[in-house]
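Quick notes on the structure that follows.
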């Protein structure tokens, strides 16, 4: 069986979301994409859309925070005969909350989704990439990983954990040929989530005041294409107007 | 009922450990100390020793990672009629492990002990301190919070979360009079743990090459005594010989 | 007069150096390149080589640390009828020295070349770019900007200044459409300087163990092509084998 | 000749300033203080005041940015028969200025005062302390060393340089027994400068909303008294109300 290139993306939800955009973009570059997430419906829609554009996509329902489901996802990739060029952990979960109103469940959930899932996903991805000593592993992070501000303390604690995880993985596996990347998304992504949750903000910022999905995907691709002699481990992505 | 000053320290274990040393030190400064941890035996021994020196101590068995037990600890303090001058989260749990050999349970446990427990403890402490708008809340952190190096990636992810948590708490509660402090312990503490686990290293470093317990306690006290007009939120503590 | 696109690069020296490579690369993308540096000979050689490949290049002798010479460089660009798409500050000067052996002249020189020159160059570049509210301004930085280690303390102090300068410029001018980028070069560049100064190290590291010049240039170009809705201000570049 | 303990403080200006306060405080602890700065008048006034309180003080006119004057200061200390327990670089010079309005002279001056002077002073202090392998060397820094925000870009570039310098010195000389400390002053010091320059701000903040001089001095002293087994290299100091 001839193995083929693929990209595995978890945290794929709405059509106008970063997960779906990365999948569509990588598909356009010739990779078979595995789109994973919790909503079968959304995954099907995106896989279908990719196929309509002439791409190849497989949808796999998987909760990033559940070890067995993450393992199942990567088994599927293996059994289908694909090696992994790109793996992207794109789960992003944020619940603003003053600390005294943050209940334990919220604190745990944010960590599971932003950090634990990244550990489970990253470990499987590295295991898969290790054979060929090749592949790019992306973790979509946030500015909160660098600076904890209320009411985002729980979110920041989770994202700081994610950043450390990605850094440790980079130190351990870069020398083995696996490119581990942590992106610091600084600002609001112009996607379905933002448009539903704070439409006024979206309007006020204007198009380039928000992170455009396709623009993010372009940079992910450029980083993936870097040659091993000059790899980037961490970079920020921010609308030009965004104060920081 | 006249309320009295107290210090609440969780993560109290061996007699030659930081938790026990902080308790003894704070007791020497006139505070009633509540020593909490998982081992009833060890707590009793330390409380007894403090009493023999003329101090006042109460031991409370509590697992820092279990919400109810942390709540019970703070209830006890309240019911006994004490307000809290100092609360110190001193749980420190480290298991070196290459990433691919780190199982999920280890990853979760390290986080629960280094970060989740700090959330539970910190929240209760802040709730207690909020009435008087006064008190110092310490989180004992580590250099790994700043830099993730294998085989300490899981530990680093947990400590980075702790650091962010402490920072978010400081931003939210300093203006209300609660002094939140994150210490970056850089190096090995000269305590029972190190002496048992790597006696050769301890010998090689010599006395001042390891962090002396009492020396750490002195700085905690100095930081506690800072006036609100010049508070330190974060500081490192490192043996003078320690490369960094 | 129809204005044309250009790239202005200062710190252009040896043919196998980053300045020359950036110039050649940008020329290959259709930009007229202005190559600036202190050695007329070297500049001529590079400009000539670019022309032989069908590109367009102008060499301007300029010491980056001398205000008038930097001004003259940018006047030349203006008078020749070019606007500036890319300006790259690529002066990099390092002299390892234990602190007590570092004389004042060395300390000042390192700062002038790594930081003061960047201020002079950046200010002129921003003035030129401001009219069109467009352009990318690169500062080639180093890991030392994040961590000062002897015997590189003087170098680190200069590079830390450069990093702060770039960050302040980004905050001030990004909202006006000028993309300010600070790159953190971590490792040794495989160029003439390294090959002359430590040939054994170069051999030991192997090709991908050193930063390849062309690989760096590719990333500079990718960052330049980012759309304003997702700009990167800072990124590291490191050979995959490089410990960090 | 029996040698005696001293503290050497440079950047001593107004009576209600940090330099003068440190000098007075250290004198109160029994150290002979050498107060240095550019204004003979101010130095005399402070030295006189210290003597009236029963302390011992010597004033030395010295511009921290001029190598010979710094050398002269330390020669004076040596010739007078003092070794140095504490040396504090307390020069702080800030000129807010949008980047395009920042002239070269300002950029250079800020660097000379905040960074070059620290190099000159630090080197002399280390040379003096090296004999006894003992002493504490303070550098008064600022938040700008961590984050460059307009209109403070030039200031930030200088303070970032200072921070790197202090860090490199700590790495090089801590193992030799010299305690190098970088303080991050975050907020406005309640001194003569602030009271003259922005009286309304001072009033609005209230007493504890500004850094109280004596409170800073107390922490400097506590850090100086740390035992070598647990030294702090860097710490922030911030009024409890200060947003950060």
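General remarks:
Note that the chains are named A, B, C and D in the order they appear, and that numbering of residues resets to 1 at the start of each chain.
The working rule: a contact is a pair of C-beta atoms (placed from the backbone, for glycine too) under 8 Å apart; a residue touches a chain by one contact, two chains touch by 3 or more.
In this text the structure is predicted, and so the values were computed from the model without any measurement.
Chain centre most remote from that of chain D: A (centre = mean of CA atoms).
The mean-CA centres of chain B and chain D are about 32 angstrom from one another, to the nearest whole unit. Remark: chain C and chain D have CA centroids separated by 34 Å (rounded to whole angstrom).
In whole angstrom, the spacing between the mean C-alpha positions of chain A and chain D is 46. For chain D, residues that reach two or more other chains under the stated contact definition are 171.
If each chain is drawn as a node and touching chains are joined, the picture is one closed loop, every chain linked to exactly two others.
Pairwise chain contacts in this structure: A-B, A-C, B-D, C-D. Residues 170-171, 174-175, 177, 179, 190, 207-212, 215-216, 218-219, 222-223, 225-244 of chain C are the ones that touch chain A when the two sit in their complex. Chain contact summary for the complex, chain D toward chain C: residues 67, 98-100, 102, 104, 107-108, 111, 115-116, 119-120, 122-123, 126-127, 130, 144-145, 147-154, 156-165, 167-169, 171-173.
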